[in-house]
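Two complexes follow with subunit A in common, the first pairing it with subunit B and the second with subunit C.
This part shows the complex of A and B:
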């Protein structure tokens, strides 16, 4: 008998190259993108006809008709159609959460294998009717007589017919995510130069990783795209420095706006998938596990009235998870901190270095301290790759797992890595992974 | 119609005519409707040929790019995801106008309009990717007597840029009326099994159709033909509207046969990365708007209780589609599709 909980292992991943909104994936649906990512994973790991324990996926910008998006996508692949699937959502942390969900189920012995995935298309995001028109139409549908129907429909005014695109901003504050981060960045004194340097490093690291073939077994081309469309291998600090600030320009609290299109992620399209399983399942299928899921936490902050910055929840979740595992921030070998904005990463790091923040907000004796920046986002991150919201977690998990395994094989030592993802509505999800070697 | 860039003669003595591009459907249909044209439907009645033969010529178009947007629209119309591996129906619609251009030749001894698509078989040896360049070659062959006229095969070959054959598409058409064999019904039924239909769905339209338990229902709106025409380019007026169909003797518009066949292919969910055979036989037309009941029979090993799935993917999926009966009229089979994964 296996003792539970047992290890949940990351066995590999596959994603399609991320595209900029309106780019090569225009006219392509979430289901198309997710099917492509899953198809590639199935091909990579010879899962044709395989019945898996569960597929967990999701999308942030999701059509109402896509309620079973993950199941419908899986049915379009050569996987056994008897593989169950579910949809989940935690904004930008969605596919990190789908991974944690499957990890929990594998650890408890409820399933032996699964695919965590996520997808988003800003190019094909839902456009709805106004709430007023929706209610008028429902009244008209419910009408018993033609007269009642005409009466209901006569309430429609021209303004009701305006299509409603996805909300670009926090419903409780009216500020966009970028505007929120501009306030947080100003509060932490994050400079334009530091943000542009982080953005440049992201592009340079991602380009170098592609050139080194690192993504050969993590990315499958789609619709003629072989690399992430947003990647600018030849970017320079001069080019980044020439861009105009776009966020914080209307905020009186921000004396000098610093956030540009270069140090913020663009709207993107893409999908990612991660194959997970127990040790037994991996052995049966001849797969080499890359990493095991050690722990995960989520946190939320009270951003609505300004008590904390919108994207600062991971700054709270990470110390809690490290404490519970008896680790310090510096015990980690690699850090994957999602680059929603360069300013988000830098604000989080600044908070951990701040005596005041760590004492007053985290209730600790002192700061967590600085990290070795050469261990941060070493193969690039969202600033270069792009950020199709629900696909980013899967990208991070597959990338970090491969890196941890590679380095453990090279050094002969167990490698630990952190994933930190901030999400809309003041939330955050973090995960601790550890290398697995034979 | 597209310009001819040259002709040549192959080693077998067959002439090859190179077209500079895939011809457009409207031009072909316009030519077929021109009363001065040799393609006039009345021509067959005017000048029946005692011993007709098919021309020994191949039409070829080189370096045709598989358009990603067209493949996407085709996938979406069939209700499937837009995959980088191309639905074989896209290969069919790619080659179809080349075949039609060949059929529109003056030395083809029958009228283009009024042909009835009886069967189709595509054998695909390897997957085709969107954006890929292929050569298309079309021929006609195997003119045979049939109970209701004659049949022949239009054969399209899709070749890779290294000359390998990627796929072969064999469409069997009926030329109604002409040369019909009377009093030899047994031979006529036999004629439905042409040289390429071995292993294809059984052609047994003559027997009473017993509908299986349906697994799905297609509600096909009136614009089904127009939507398929938009992605396939096949603007044959019998598919587009009741009015244009009436002009050709159909009371209502009828769905493109290859629309129903392609949708059944997508719904069969076979692995496009593997070699496959796709057999289709058509019986009663699907009138639009209309409802078709379908039943799938999947013997790819999903009944495997262990769920190991090792044998899944071998074998195939069959689909039969029919119109429900009403009153004293029994159900009528419209099409039967079999998709078989090879190796």
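This part shows the complex of A and C:
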């Protein structure tokens, strides 16, 4: 008998190249994108006809009709149709959370295998009707006589017919995510140069990884796109430096706006999937595990009252997770910190280096300290790849797992890696992975 | 076969309708026949079969067919419908012998069934005996003309068997089986040369490629996907390769066929080494490599640019050279008797206006398989090519309508071929039986009116 909890293992991943909103995936639904990512995963790991324990997926920009988005997508693949699926959501951390959910189930022995996935299409985001029109229509549908229906519908005014696109701002503050980060960045004194350098590194690292064939078994081309559309292999500091700031421009708290289209992620379309399983399941299927899930945490901050920056929750979640595992920030071999904005990554790192923040906000004896920047986002991250919200977590998990496994094989030592993802509404999710080798 | 119906072009649909038929007949427009494919005509031989000729080889062929339970006759007497005719001419010694064996067929031409098959079996001229060579050469002229005269989707092809190779050699049996079957629907007016007695008889005729592993490059769509599907239907385990941009289409094909997908740009640096590394990692050894990846960038030579010239040569021929080189040099990723089949083109034989780059690459392929066959001989392997003519694909669907319509009719069968027709020819050349065919280029063109 296996003792529980047992290891939940990352066995591999697949994603389609991420496209810019309105690009080659324009007009393609979330379901089609997710099905494509799953089809590629099935082909890579020969999962045709396989009945898995569970598929957990989700989308941030989701049509109301996509109630069972993940299940419907899975039914379009050659997987056994008796594989159950569920939809989950935590904004940009969605597919990190779907992974954690499956990890927990595998660890507890509830399932032996699963696929964690996520998808988003900013090109096909839901457009709704106004709340007033919706209520009028419901009244009309509920009407028992034609007269009542006509009466209900006669209440419609031209203004009610304006479509309502997805809200580009935090409901509690009215500020967009970029505007929020502009405030946080200014607070931490994050410079334009530092942001542009991080963005450049992201493009260069991603391009180098593609050239080296690193993504050969992580990405499956789609609709003629072989690499992430946003990737600019020939980007330079000069080019990035020539872009005009777009966030914090009108904010009195931001003396010098620094955030541009070059050091912020673009709206993107894409999907990702991660194959997970127990050791036994991996053995039965002849698959080589890449990494095991050591731990995960989530945190939230009080951004609505201004007590903390909107995207700073990971700064709290990471120290808590490291403490619980007896690790320091510097014990980690690789860091994957989601680049929502270059400024977010730099604010988080600055916070960990700040004695004041670590004492007052985290209640620690001193700062966590700096990290070795050569271990950060070594194959590029969202600034270069793009950021289809719910697909980013899956990208990070598959990428880091492969990196940890590769380096463990090369060095003969166990490798530890961190994934940190900030999310809307002041939330954050973090995960600790460890390499697995034979 | 739904595939056939779906691909029938508009003109052909029209002339098959009642009013269309009438008009076409009055005006003398081409009226393409329906070509039965494997699914439409599953029986391997359309009977009754008449074997002409009186040599020992003719007796041999007759016994073979009788052994397969086929209705075989030695004369046309009283037959109202003839399914197949095999003219065995292996022992002719003067041109006068031709008529003695072939003339009986004349009276039976109008009795040939729709989709009938005529196959000649003779030996190639070898520059020794003038009278005998004249007779042997004469077979080619006869057969090519006869193919132009065939009606109702019937075809005529020849097998040339080198002196010293008996007519019961696997290559002869295999070529005959292919040419008599519905698999050769779009092959007509062609000769296949069997140069050695190598190869082995197929154990399982329903799954001739069972236990074989086959690589198909450019497999995501069109002819490549048809090749992969056909080889898989014949029992092979598939490794399907295409550029990363076509990755998801490739994955979906792989899912259908339970194949192994490989995303690789065959023109990229170290593509051969990457393929070898991948095969080793998966523990795969290739018995069959189908080098199908190809592109067109048509332009009159006066307007030709390096951007149009270089990639066509790189994909269509250079990549074939580097891939086969890497596979051979690796030493551990090829099976015992590897079969390489390359994609040439009728443009590479006859040339084509606007295709100097493409024709250069495809003529290169034809010469390449000749040399590669010699190199592979030492390890028991073969290399051959298939030269498609006008095939109905996404690529040809983008041609200007009039050019496309003309291209379709310019062959004896008066229609474009289907991707599966090319695939069937490749499946034959990749089979165990085809071990005696070396450096051949088989045209799948409905006897396109260009070139030889």
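Everything below uses one rule, namely that the second predicted complex is superposed on the first by the 438 of 438 C-alpha atoms of A that agree within 3 Å, B and C clash if a C-alpha of one lies under 4 Å from a C-alpha of the other, contacts with A are read in each partner's own complex, and residues count from 1 in each chain.
Quick note on the criterion: a residue touches a chain if its C-beta (ideal position, glycine included) is under 8 Å from a C-beta of that chain, and two chains touch if they have at least 3 such contacts.
For clarity, every value in this text was computed on a predicted model and none was experimentally measured.
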{"item": "Side-by-side fit of subunit B and subunit C on subunit A, or clash", "value": "clash"}
{"item": "First (subunit B), second (subunit C), both or neither touched by A:27", "value": "first"}
{"item": "Partner chain in contact with A:154 - subunit B first, subunit C second, else both or neither", "value": "neither"}
{"item": "Subunit B versus subunit C as contact partner of A:216, first or second or both or neither", "value": "second"}
{"item": "First, second, both or neither for A:81, with subunit B first and subunit C second", "value": "first"}
{"item": "Touched partner set for A:36, first subunit B, second subunit C, both or neither", "value": "both"}
{"item": "First (subunit B), second (subunit C), both or neither touched by A:224", "value": "both"}
{"item": "Partner chain(s) touched by A:44 [first = subunit B, second = subunit C, both, neither]", "value": "second"}
{"item": "Superposed model, subunit C segment overlapping subunit B, candidates 19-27, 91-99, 127-135 or 433-441", "value": "19-27"}
{"item": "Residues of subunit A contacting subunit B in one complex and subunit C in the other", "value": "36, 39, 43, 48, 78, 221-224"}
{"item": "Residues of subunit C defined as touching subunit A within the complex", "value": "243-248, 250-252, 254-256, 258, 260-261, 263-264, 274"}
{"item": "Residue numbers on subunit A that touch subunit B, as the complex places them", "value": "27-29, 31-32, 35-36, 39, 43, 48-51, 73, 75-76, 78, 80-82, 221-224"}
{"item": "Subunit A-facing residues of subunit B, complex", "value": "68-69, 72, 75-76, 80-84, 130-131, 269, 271, 273, 300-302, 307-313"}
{"item": "Residues of subunit A that touch subunit C when the two form their complex", "value": "16, 36, 39-40, 42-44, 46, 48, 77-78, 213, 216, 219-227"}
